[in-house]
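Below is one structure. I have some questions about it.
Per-chain numbering from 1; labels A, B, C, D and E assigned in written order.
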Amino acid sequence: MVRAILSDDLPRSRWLAVALVLIVVGLAVAPFLFPGAKSLNVAAKICVFIVLAASFDLLLGYTGIVSFAHTMFFGIGAYGVAIALTRLGAEWTAVAVGIVAGLIVAVALAALIGLFSLRVRTIFFAMITLAVASAFAILASQLPALTGGEDGLNYRLPAALRASFSLADGTLFGVRLNGRLVDYYLVYAASLVLVLVLLRVVNSPFGSVLMAIRENPFRAEAIGYRTVVYRTIASCIAAAVAALAGSLLALWSSQTNPDTTLSFDIMVDILLMVVIGGMGTMYGAVLGAVLLVFAQNYLQDLLGIANQALAGVPLLAGLFHPDRWLLWLGVAFILCVYFFPTGIVGSLRNRRS
Amino acid sequence: QQQQPIKIALIYGKTGPLEAYARQTEAGFMLGLEYATKGTMEINGRKIQVILKDDQLKPDLAKAALEQAYGDDKVDIAVGTSSSAAALAMLPVAEEYKKVLIVEPAVADQITGEKWNRYVFRTARNSTQDALAAAATLKDENISIATLAQDYAFGRDGIASMKQALAAVGSKAKIVHEEYAPQQTTDFTASAQRIFDALKDKPSRKIVVVVWAGAHPLPKLMDLKPERYGIEIAPGGNILPVMAGWKQFPGLEGAIYYYWGFPKNPVNDWLVAEYKKKNNGAPPDFFVAGGMAAAMAIVEGIKKAGGTDTEKLIAAMEGMTFDTPKGKMTFRKEDHQALQVMYHWRMKKDPPDNVDLLELVREIPADEMKLPIKNKR
Amino acid sequence: MAEPLLSLRGVKTDIGRYHILHGVEFDVPEGGLTMLLGRNGAGKTTTLRTIMGLWRATAGEVRFAGRNIAGLATPDIARLGIAYVPESMAIFADLTVQENLTLAARSGPPDQKRLDWIFSRFEALKRFWTLPAGNLSGGQKQMLAVARAIIEPRRLLLIDEPTKGLAPAIITNMIDAFRELKDGEASLLVVEQNFAFARQLGDTVAVMDDGKVAHTGSMAAFAADDALQQHLLGMGMGEHQ
Amino acid sequence: MLATEDLTIRFGGHAAVDGVSCAFQPGTLTSIVGPNGAGKTTYFNLISGQLAATSGKVRLNGEDITGYAAPRRSRLGLGRAFQLTNLFPNLSALENVRLAVQVKSGKGLDLFSRTLGHRELIDRAMTHLAAVSLAERAQAIAATLPHGDQRKLEVAILLALEPDIFMFDEPTAGMSIDEVPTVLDIIAAIKARGDKTILLVEHKMDVVRSLSDRIVVLHQGKLVADGKPAEVINSDIVREAYLGGAAPRDAHG
Amino acid sequence: MKKDWLPLLLIPAVAVVALPLVGSPTSWVTLTAAGLAMGLMIFVMASGLTLTFGLMDVLNFGHGAFIAVGAFVAASVMLALSPWMTVDSLWLNLAAVGPAVLAAMVVSGVLGWGFERVIVRPVYGQHLRQILVTTGGLIVAEQLLKVIWGPDQITLARPTALRGAFLLGDVAIEKYRVLAVIVGLVVFAALAITLNRTRIGLLIRAGVENGEMVEALGYRIRRLFVGVFVAGSALAGLGGAMWGLYQETVTAAIGAQVAVLVFIVIIIGGLGSVGGCFVGALLVGLSANYIGFIAPKVALGSNILLMALILLWRPQGLYPVAKR
């Protein structure tokens, strides 16, 4: 049963198993365990980024494609929903239209990029995607009428997802059962399903071919696999899932703008999530996403405390100033890449065997 | 009930490119509270508790931060934020939680325009006010103007409102050329060439009006010696560190929102003295004044409303006139935009240091700038 | 008898979690050619890499010319006068044949006489002098790899399976070349599977089995003893010739 | 039946394979010999599609496949083992072979079933591994196998493709003599089935002599001799250019 | 290997094509001169990356950090020497700029050394981890800059002798750009000579392909790599100093701002060919100016456009360095 759900891809490490269970359960009960707008927000973000990172791992870890255009697809998904909700009003039909439109555009674009440029060297492909992505970002900012330009779009969600909407008139364990809660569980469920689907894809015969191509494209061709076809399909799948993640984000935050969906920062974030977690292991993406989103949201508070402690000490206080949280995030990245060369999951698994 | 503190959230882009500005806003805000409460930090016996939140200039975080402030921290009133995009994302939240939001220092017109809702007040000036002020400095005789702005929404809006502004102040100047350069432009040779070609044979006085956010092109334009065609450049006011770079261009003119030397009133005198004391001699800049204005508006409002009940607050603040380092400001009833004076400045001959730079040409009174009402209630 | 040029004593090597070598012991006499034989996976390549410092010995000594070189950095080991031809040949595919050899000649541009001597043995190298080495044929790559090791005089040559992929004619040339080298300047330690070659060339022999040296002695004696070969290699040298 | 017609490839001025016309009958094993750099591997590359011919044709059962890409040729039954070992380094030996089995099964594009669900593929892969006596190393990562075992894995992959044409490029190079027979037996077994075409590039004359029905000699890209093993091996050209003294000199490149 | 002149010809070609489109010859001269100078300034910044990226195959996203450091150090030194900067004497001015630039190169060079040891060494040959670890490095460096120099932007006025422009009739050529041209050409010459006239270039290429074997040949490849990395960082420092002087304002983000431009340039160049980087930079500089004049709207994406066109023509860049 479990095997079937996880597509035979068992954690293969006690600690990893524990961590995963904690994450899945933790996210499920988060709204009640840690009530409050911020924690709910963080939880939702974690869900979305798990999906995004996982979809990127399909490219990076399993197929060996380095693409910097992944956030573009994320953005397409987000803007799809955002524009639809802005134009067609806060209706479920609008949501549906937005999601479908986003999917179509994303997949088409991915297929195009794939067929044209997956033949070139990895690093050149990376740079081409970088170019395409930034071109797309420019386009977005040049069409303010449609995308709201730099300001992005602020729109209302379908009534059932708003804070004002209250469910089964009342509260559970002191938590108001309002639309945000509905929204959160919508995001949670969707994310769970998407990750499991990806897990299945990478453990399917198709997935095994992807890994072969990553290892040795020349030989893969020689024994009869058309690498371009496989790579392109993989990119399309990844793009589709990324777009869905984007749609989820748009559905959660009721606002969409360039630097939360299209910016290079996000691109770097998901890269970090995948590599820190462990490339080529879906679970790595999950761990990485959780850790990073946490760090981004709570490191600052932590430093605040440290800073109090060090008040007075000249340079140190400066170093531990809450505004320097990025500094420590950076240090953390470096240490991670240092100590988990194969990513956290990789290290956990080695430890075991 | 009476004794529980008044909670105020200050949300701003504390980390990220505009960090320096954010720190000014915070400093100004705190000084404002101190001044308005005569150092007691209490209003009608209720302590003031300020909660600081960093949105890293990111709209989603700004939104989240405001939700957290209203929802978790149960603040009575919130202030923010540095980036217009972020501020726009915050507006709906205020409406959702039915709590007052004071926008400072974001300038986008929409905030008190089509995106406005009745919980939103703004102490900061908006782009149109900037434009009107700039126009007010270009009233006299006939002038040929070429504009230079960044090629994206803000830049284009800026020029658009510039045109309206010129009309509004009844200036005879005409815009003969509009130049838009990419947002990140660092090399202005091409733009300058186009502008010079457009202006050089004009008989009248020739002025290049620059509307620019970020690294200012003025020095680079000056390097290309516009004076050889008798072309002047109107850069518009800016923060002190930037204008310090313009020292070697005496006679530059433009309009500015705040310069520490200009306002003559007790509030500003106190601010300048106090701020210099706290920051070993450095005078307050743009955002310090803004922060202080926001704080003073809040205190005034709560006093007037006799409490922090939202409806009472709104009632009290609509049309309210309050003191700020820039003298009196008034929240216009219709769109809650604070109407305020602006300043027409000129660069001193050779400034003694990096902060004593400008001389006042004249103060532009608020009512001279006919600010259109762009929101619908 | 004089002290051997190279001698291994109780050398243990781990690769990752695996213990590959457990106590390798044998000598390479000065001016001699020692053949290192053994089944696939016996540990021959690992031994050479350990001598070269490419794997770290976890225990034991590697004595070269009287000093223990275990623990030295690879470049320093090479600078003592040891040249290495890896099993994978590791030619620089992006560089031309010429550039490959230029690099191998550490002390300046290759000496023309020496080059001509090498060309006379491996004619293809001359013909494809300016071709990127990656485009060479399998055998040509092998020739280049060997040429790289002998482009300058060295005291000890470590050569891993030099004849694989070579045509008989070239093998004959190589035998001549190695003979000249050992009669002149160098001593050699050669891993080989081709026994005709091994027998013709080897003075002494060390046979590895499962990470240890199971037999050392003179090549003549070993070649004569079919039973021993059966036992150590699972196959007599006589066969397949 | 596999045939090449006037097959040629030039690199710059230098013709690595120069107008080679030759046909290979099912059920026969043809050895291709020649000095290093004669063009043997290149000839293989032209047949299996790793290189595109400058001129000439490759025909498989009459069909002109000169324009086909490598994967297509492989699926048409052209199987190829490489001279310099060329595996999926970080995958297990078993996975290396299973991937080859999977090609024929056409499961490659199956996105939503579980790999481990397809037992039959795995079992077939295991039998091929066993054939080269690597069964007990099935789970070992290919890169960590000793050179000899990697060569055998190379052969196992070729078997797993179950092609009609087998192309071996020095299958025994660097393999210890006690292993060599395993591979030779495998080749002999394939030959015994009588319906497969086998091309073998090998420098070990004893191996060539013992296995071949026919020997083709390439020299500087040209086909210079073709016939029964005994006669070819004793022909002057072979003695001179291959077995005997150094290859004749001439200027190039 | 015979020289391939086509890419070089591209530069005059572009200029000639631009002439009729620009129309007025004087504007054209101004634009061309400015463009070339800008190109050379970019080249100086990119050259360091070409070394580390192209020769050592290290994708150093942290390159921007060295540029920023260079800018800050130079700024501090110049502010310290400001009396010499403000007097109207070319020599005194240079006497201030010289040490500043030198300091910038030294500091960023030293930093590069540390960067190589701590951050890059463990990830040689692993592009992805390089991207991450160096990005991490970039973040850390940017933040440290803020800790040391504070978050505010630093304004440094260009020395008197280097502002303004030479006027030849209606043509204006900024003085500072003349300096940029000189520096750029010197750097180019120096690099070209070390890489082509010495075996260093060979060694590095070989070392990237198979470091083990190079060591087995008796070369201390590590030291070499460190050396290259330090050189690369020092060049970045130089570039940063010059860029800072050009911008006249220095912020911690300055490195990140130019990073993308720099990457585009070396991609166009062919990843690691100094010559390619040189041509690429000049093309970028020129096209930006021409397009900015002829069709400002297009200028938004002119660099990306250029890169796309070049890659269509030569998918491996102008002067492809051996495939990896």
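In this text, contacts are C-beta pairs under 8 Å (C-beta built on N, C-alpha and C of every residue); 3 or more make two chains touch, one makes a residue touch a chain.
Small disclaimer: the values here were computed from a predicted structure and weren't measured.
Asks: Mind listing the chains that sit against chain C and also against chain D?
Replies: none
Asks: Please report the minimal path length, in steps, between chain D and chain E on the chain touch graph.
Replies: 2
Asks: According to the touch definition, list the chains common to the neighbour sets of chain B and chain E.
Replies: In this structure, the chains that contact chain E and also chain B are A.
Asks: Taking each chain's centre as the mean of its CA atoms, which one is most distant from chain E?
Replies: Relative to chain E, the chain whose C-alpha centre sits farthest away is D.
Asks: What chain is the most remote from chain C, judged by the mean position of CA atoms in each chain?
Replies: Max centre-to-centre separation from chain C belongs to B.
Asks: Consider the two chain pairs C-E and A-E; indicate the one with the greater count of contacting C-beta pairs.
Replies: Ranking A-E and C-E by C-beta contacts puts A-E first.
Asks: If you average the Cα atoms of chain A and of chain C to get two centres, how far apart are those centres in Å?
Replies: It comes to 52 Å between the two C-alpha centres.
Asks: Can you work out the whole-Å distance between the CA centroids of chain B and chain C?
Replies: About 77 Å, centre to centre.
Asks: Could you grab the centroid distance between chain A and chain D? Build each centroid from C-alpha atoms only and quote it in angstrom.
Replies: 45
Asks: Hey, how far is the Cα centre of chain A from the one of chain B, in Å?
Replies: Averaging C-alpha atoms per chain gives centres 37 Å apart.
Asks: Which residues of chain E are in contact with two or more other chains?
Replies: 146, 151, 300, 323-324
Asks: Return the residues of chain C touching two or more other chains; collapse runs of consecutive numbers into ranges.
Replies: 130
Asks: Provide the list of chain B residues touching at least two other chains, using ranges where the numbers run on.
Replies: Expected reply: 19.
Asks: Mind listing each pair of touching chains for me?
Replies: Between chains, contact exists in these pairs: A-B, A-D, A-E, B-E, C-D, C-E.
Asks: Under the definition above, what is the set of chain A residues touching chain D in their complex?
Replies: 4, 7-8, 200-201, 203-209, 211-212, 215-216, 218-226, 230, 233, 237
Asks: Within their complex, state which residues of chain E touch chain A.
Replies: 59, 118-119, 122-123, 127-129, 131-133, 135-140, 142-144, 146-147, 151, 260, 263-264, 267, 271, 300-301, 304, 307-308, 311, 315-317, 323-324
Asks: Using the touch definition up top, name the residues of chain E that touch chain C in the complex.
Replies: Interface residues on chain E, with respect to chain C: 1, 199, 202-203, 205-206, 209-210, 212-221, 322-324.
Asks: Taking the touch rule as given, give the residues of chain B at its contact with chain E in the complex, in rising order.
Replies: So the residues of chain B in touch with chain E come to 17, 19-20, 23, 151, 179-182, 184-187, 189-191, 193-194, 197, 215, 219, 222-225, 228, 241-242, 244-245, 247-248, 354.
Asks: Please name which positions on chain A make contact with chain B in the complex.
Replies: My answer: residues 36-38, 41, 141-142, 144, 149-152, 154, 156, 162-164, 253-255, 257, 259-260, 300, 322-323, 325-326.
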